Amino acid sequence: MSRTPPDPSKGRIAQSMGKAKILMEAMPYIQEFKGKTVVVKYGGSAMVDENLRHTFAGDVALLALVGVRPVVVHGGGPHITRAMGQAGVEPQWMDGLRITDSETIRVVQTTLAGEINPDVVRLLGSHGALAAGVTGIDGALFVATPLDPKLGFVGEITKVNPDLIARMLMEGVVPVVAPLALGEDGHVYNVNADTAAGALAEALQAEKLVYLTDVDGLYHDLGDRDSLIQRATVQRLRELIGSGSVSKGMLPKLDSCISAMEAGVHNVHILDGRIQHALLLEIFTPQGIGTMIEP
Amino acid sequence: MSRTPPDPSKGRIAQSMGKAKILMEAMPYIQEFKGKTVVVKYGGSAMVDENLRHTFAGDVALLALVGVRPVVVHGGGPHITRAMGQAGVEPQWMDGLRITDSETIRVVQTTLAGEINPDVVRLLGSHGALAAGVTGIDGALFVATPLDPKLGFVGEITKVNPDLIARMLMEGVVPVVAPLALGEDGHVYNVNADTAAGALAEALQAEKLVYLTDVDGLYHDLGDRDSLIQRATVQRLRELIGSGSVSKGMLPKLDSCISAMEAGVHNVHILDGRIQHALLLEIFTPQGIGTMIEP
Amino acid sequence: MSRTPPDPSKGRIAQSMGKAKILMEAMPYIQEFKGKTVVVKYGGSAMVDENLRHTFAGDVALLALVGVRPVVVHGGGPHITRAMGQAGVEPQWMDGLRITDSETIRVVQTTLAGEINPDVVRLLGSHGALAAGVTGIDGALFVATPLDPKLGFVGEITKVNPDLIARMLMEGVVPVVAPLALGEDGHVYNVNADTAAGALAEALQAEKLVYLTDVDGLYHDLGDRDSLIQRATVQRLRELIGSGSVSKGMLPKLDSCISAMEAGVHNVHILDGRIQHALLLEIFTPQGIGTMIEP
Amino acid sequence: MSRTPPDPSKGRIAQSMGKAKILMEAMPYIQEFKGKTVVVKYGGSAMVDENLRHTFAGDVALLALVGVRPVVVHGGGPHITRAMGQAGVEPQWMDGLRITDSETIRVVQTTLAGEINPDVVRLLGSHGALAAGVTGIDGALFVATPLDPKLGFVGEITKVNPDLIARMLMEGVVPVVAPLALGEDGHVYNVNADTAAGALAEALQAEKLVYLTDVDGLYHDLGDRDSLIQRATVQRLRELIGSGSVSKGMLPKLDSCISAMEAGVHNVHILDGRIQHALLLEIFTPQGIGTMIEP
Amino acid sequence: MSRTPPDPSKGRIAQSMGKAKILMEAMPYIQEFKGKTVVVKYGGSAMVDENLRHTFAGDVALLALVGVRPVVVHGGGPHITRAMGQAGVEPQWMDGLRITDSETIRVVQTTLAGEINPDVVRLLGSHGALAAGVTGIDGALFVATPLDPKLGFVGEITKVNPDLIARMLMEGVVPVVAPLALGEDGHVYNVNADTAAGALAEALQAEKLVYLTDVDGLYHDLGDRDSLIQRATVQRLRELIGSGSVSKGMLPKLDSCISAMEAGVHNVHILDGRIQHALLLEIFTPQGIGTMIEP
Amino acid sequence: MSRTPPDPSKGRIAQSMGKAKILMEAMPYIQEFKGKTVVVKYGGSAMVDENLRHTFAGDVALLALVGVRPVVVHGGGPHITRAMGQAGVEPQWMDGLRITDSETIRVVQTTLAGEINPDVVRLLGSHGALAAGVTGIDGALFVATPLDPKLGFVGEITKVNPDLIARMLMEGVVPVVAPLALGEDGHVYNVNADTAAGALAEALQAEKLVYLTDVDGLYHDLGDRDSLIQRATVQRLRELIGSGSVSKGMLPKLDSCISAMEAGVHNVHILDGRIQHALLLEIFTPQGIGTMIEP
């Protein structure tokens, strides 16, 4: 490490001490989460905006460095749509879900495993984290059956084999997971990344499951920006879902959320990934960002 | 396991006993290579022909099952050319090496990590092997610098970090490696798969390095099909290279071969991957196939 | 390993490929039994006939080599009778059981521990297995009380201390066990080898218990050679014993069989040890030999 | 952890982000020193001033938390003098060293082991560090002979047995060490705390040895406050000692410094313990404080 | 080891053989207690009389040497009273318990941790035992709340964290424990050494808890020297306490005794520490000394 | 353990204290040899005399109990001669060595492995030691070639594989070794027990090698009973051999002795096994018995 000479002016020393105080503030949070597994669903702007990508990677690397055990599960929406366009494959939809024929699953696999996954590994590596990519096919991490025969290779996870991931965590490696699954029929299936993150958090008995999204959090009333929910119980989530006050894209998150909490995950967080360092601030400072689900 | 009733006819028992004798024949070879690492460069017809793909996967799975430690390093030639065509990228060459600009390296990465690698993992899994994909970027497995500035993102390996691979081997996982590398500048680089296999065999202190090719083996005289070389020393290889009696595609193999042998790898094999079960037969039976390099 | 040149004729390659296919056939069986303990009661012709002795030893060595964990429990009948003759000790019987006075137990001990046991160890060693002899006295493996005061030093096993055997199995050593026991009174006792094998299989929570015998297997009707039973449940065994359709020598086997199955051993096999490679064929090929007991 | 609601004003979010940036700044320093042992000689104002005591304890606790391995060696000067006064023991000096008769060593032992050591352990514990007190007598950590017969029980360390300390470090415990030693004659000896810290750093092959003092650092010219030395080589230290430009109290530090560096300790730091968080700032920020000795 | 020549006279050999027989006699006791934890409350004459101190230390060292795991918990009564006198602190009492204000707890801490504890460590070390001092503050071994607000810093143990002690025992170190505790309010508290020994025996699931006292043992009738109780059940203890036939100083021992036995400690011994080698004789010979409590 | 009431008479307590003092005397010897391997060649009267057999077994059991690691290598002379007589095999000699044809080696193997070895295991077990029998064939412990073709199956040890023995020692098991060897030709060979003990001590890097014999020790002058040698260097041994002042039976012991000392064994002892507890007294008391060889 290079070394800057101490500034004789009191101002410089005072500034340094301010830094020390902020490091001190983080202590109780590090103490609380050291050795705990935190599964982060990575998606939205934080995966696209260059600046946010780097602050996210720094956050993950710092968590890993001080002993928290992050696992990154990434999605792939926009990249896949773009790749399908380039490949000249026309997307088809049914009830908001992509119909995934054999041509489409090729593009999905190629984009997730070949484009996004190595990019995220490289991004984390550039911030000093020892990361390694894993698809749900490796070591049969995710096993799946068809969600609906009409949808083709869209899978529903039936089994999680988390051994490979658990070993990586013990070795200090940050696993970066692509939401593919090995079908019980031997084919590759695409699985919802939110659901995959939840299933993995369950299987790893994670402490936290964090969704990085492009919304502020959950609202009591979707139409009222002032009704942001800071904390909600699982019971409250069920009511929200029942009341219809939840956007469509949020539904798989909330379902996984409830399932993960019931399986022993302590907290689920729905964060606004558009805020720089959202992950770090949520875990290491007293300022809450977004919505925290508690038992 | 299901159970076939014993056939009363002597013929059936006799046939069974024939099987027992063949299993017995394999014993000394299993004894010799148990616990030893064998790096296999997988490419050519064995990667394309549906029948050969499955006999290869069966061979690897059987080796792993009885305690040999195979590592598969795959190439990607034809797939990449096809993918570039689909992406409308025009290949450009210099001295027989592909000029790899940023657009090209995207296609290379996507094809190797997103298409071929998961396919090979899945293929091995369907034969009962616990396999997991790794790119040279994961855990900074291969670190590289540009081979020649004019060639763009074509890398020369400067460092191998084999820890992740070594841990997988100890856990009984078969690593499937894509020949990408992390540039010292943080970019992705494409590296020659033959060279990558050699470098990995060196770093793992492997027992054997096996090249599955589409030729019978090495020849004393390229023009004479009867001059196939069964065994050659490193010294003889150097003479062959000097004599010009080696095809262009064979050169990186032979260079890696010499380098690996000098670094302590015991034998290198150049096998004809067009023969079914070439790998298994070479390692587990007395019949040699192709050319074996010895110290 | 020496190396035979590949035969240019297609016939030779074809023959090699036949070998590869047979090795492949064994895969699912190796996968199923890898790491599992198989206790083999070794006796009868397979212990006397020179040819059968060697095929048996090869079978055990191959099982050990590919990761199955065989334990050999040998008997000693004919050797003991011969040794008693040489020592001029007159055998005396009561209800088909040998009356074992102190002179007799000396001969029994000497023959089992001094003659048969080292011979079996050496036999297995000559086929490449790392074997070590153990008597039931070593580490108090078998503890016994008198079966019947009138029979002298004939013991009934009251406790099994399998730690020494379990450690050997973890180290890849094949234990060869002589059916002696340490009496609670400190004397040496002879125990029935069939019973000892069963008790050991129970204590080790073995996957399989195999009896190598000199009969084809069990029969529905002892007088009808065509009524060989391929599979029987424990319930069926009880009926057979009740019906009297079981030979006297078979009774201790069946009793141990029932007891072992109730203690969690998955299958018991009664094999015809007069068939070469009976053990290997039963475990590693789909052709059943003899009778398999299932839950 | 309690949770403060996010402030809607941008100012609050901006402030949070400032915190995140400061945490990020610490990353490269944590990466560099993680798993490394840092021996800190604790004394002077930092041991007396209530405010400084707590910022010091917080620094040590944070270092331990993020994976650095601190060892605290404390002195005892003023406390001992006070305790001697209370006990009515008249201090006697020879060449600036305290003559330590049997009455004096009792007071020294009692004060170091009974007063200061448990207080430091408790102080660290109140900041969340798992600390445990050790005297140089425990496990014969420091073995000593008389420095000079005329000085009585003042010891010169002849052997260090660091096993107990090394085990504590591996378990994440912060050792707090009192500078007593077990004489080769079985008596208790007092050893110079600066020397003890140096000897322990040597024996533990520490990365750093830090002296918390009541001076700004070393000076080129003792009389010139502007001549503070930021970095010096071991060679320069020798020159300084030779030139006489070193205060008396600083000499044992510099001698231990040279000896420790020659034994493989990477850096020695002479810090101004009167500055809050001096330890943390020196190790975790680019601003240097005091003087750093380098090879 | 030096070596005395064998004496030709038969007498010398005979004497040696007598020694061998005594070593043999100890065997069954070593077999019984090997690997078991024995918590010894050390106090009274055995802590004051020079001769008894050394025979006690020898006993502990021998127990540790042959594989028993002793833990020594010392008291401090007379030393503390003397130290308070020297410090000019006037002791104050309430119902026979010392009122412990902040001045008093300073003297208590200093005496226990600074005077007695290192002396016991050194004493054991001089007999070849690897001992290390621990106060109840180290690693928060004993956590306490005030026993009675009027008594000041006299604590009641609410939690025991025995990890540090358990690790020392596994490493063959003899822990020497001072009866201080860390208050839940962060202050130092004094705890009754008898109670502390009992609480530690419980937390360690010790085999035995031994009280070294200055009485012969328990009596059926305090006034009758002939009514010494050799063995008593927990039930009998309760009756004795109820009957009032127990001296005041014995009460905390008996309460801890009952509590420890209920928590799984096998036996508690109340020994006469005025007898040389009382500890060794009680544990390693058939002669009982004092009173043994059994379930 | 049962419990004898303390005798009120002072005499009884005094006697107990005498016992305590003797236990204390053994301490420095236990400290010195704890964890060290001691190979004992067991033979002569100590193997025949009922009383001596039991005191020997007690000695070995006590050594094992307090942490010394004994290995027993037994001979078989008289038993073999007797067994050959019983079997009607006529012994034939050449230069004092038994000509060992195939009939003779059968008797040797049977007697060593079947008679003596289990008896010694049982003897040790009856004194509380966990012992297990091993022949030189088990795990190829001793590998041999013919010593002289004319002598038949008399072997010269060419390789020792001590892994099995080393593992037993780590587990606290006492190995009892029969001096058989596996010929490089696959046959069983008889090896000299003195030589086998020496070779094993070498391979195990033992601390001590002890020969229990039927003589007082070595003499300066064989004809002079007063010239017993208490200590001798290796150099002195060589001179004694050269001078001819060594009995024939002693020669293999002295040769093994020199070879073992050169290979790093610290001391060799030649003890008079006719003295009760000779082994224990030699190792655990200051009285030397017999002759000790030192470097």
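The first chain written gets the first letter, and so on, giving A, B, C, D, E and F; residue counts start at 1 in each chain.
As a working rule, contacts are C-beta pairs under 8 Å (C-beta built on N, C-alpha and C of every residue); 3 or more make two chains touch, one makes a residue touch a chain.
Predicted model only: the values in this text are computed from it and were never measured.
K.L.:
Note down the smallest number of touching-chain steps it takes to go from chain E to chain F.
P.N.:
The fewest steps needed to get from chain E to chain F is 1.
K.L.:
Shared interface numbers for chain C and chain F above half of all numbers used, same, or below, different?
P.N.:
Same; most numbers are used by both chain C and chain F.
K.L.:
Could you work out how far chain C has to rotate to sit on chain E, using CA atoms and steps of 5 degrees?
P.N.:
Fitting chain C to chain E on C-alpha positions yields an angle of 120 degrees.
K.L.:
Among all chains, whose Cα centre is located farthest from the one for chain A?
P.N.:
So the farthest one, by centre of C-alpha atoms, is F.
K.L.:
Could you tell me which of A-B, C-F or A-D has an interface matching E-F, in the sense that over half of the contact pairs are shared by residue number?
P.N.:
Equivalent contacts to E-F are found in A-D.
K.L.:
Suppose chain centres are the mean of their C-alpha atoms. Which chain sits farthest from chain D?
P.N.:
C
K.L.:
Count the C-beta contact pairs for A-D and for D-E, then tell me which is higher.
P.N.:
Contact tally favours A-D.
K.L.:
Taking each chain's centre as the mean position of its Cα atoms, how many Å separate chain B from chain C?
P.N.:
Chain B and chain C have C-alpha centres separated by 43 Å.
K.L.:
Between chain A and chain C, tell me the centre distance in angstrom, where each centre is the average of that chain's C-alpha atoms.
P.N.:
Going by mean C-alpha positions, chain A sits 56 Å from chain C.
K.L.:
Counting only Cα atoms for the centres, state how far chain C is from chain D in Å.
P.N.:
Those two chain centres are 68 Å apart.
K.L.:
Quick check on chain B: which residues sit in contact with 2+ other chains?
P.N.:
none
K.L.:
In graph terms, with chains as vertices and touches as edges, which category applies: line, ring, star, complete, or other?
P.N.:
Drawn as a graph, the chains make one closed cycle, so a ring.
K.L.:
What order do the chains sit in around the ring if I start at chain C and move toward chain F?
P.N.:
Around the ring, beginning at chain C and stepping to chain F, we get C, F, E, D, A, B.
K.L.:
Flag every residue of chain D that touches chain E in the complex, lowest number first.
P.N.:
Counting only chain D, the residues touching chain E are 86-87, 106, 109-115, 117-118, 121-122, 125-126, 130-135, 137-140, 164, 167, 171, 173, 180, 182, 186, 188.
K.L.:
In the complex of these two chains, what residues of chain E are touching chain F?
P.N.:
1-7, 12-13, 16-17, 19-32, 34, 55, 58-59, 61-62, 65-67, 127-128, 230-231, 275-277, 280-281, 284-289, 292
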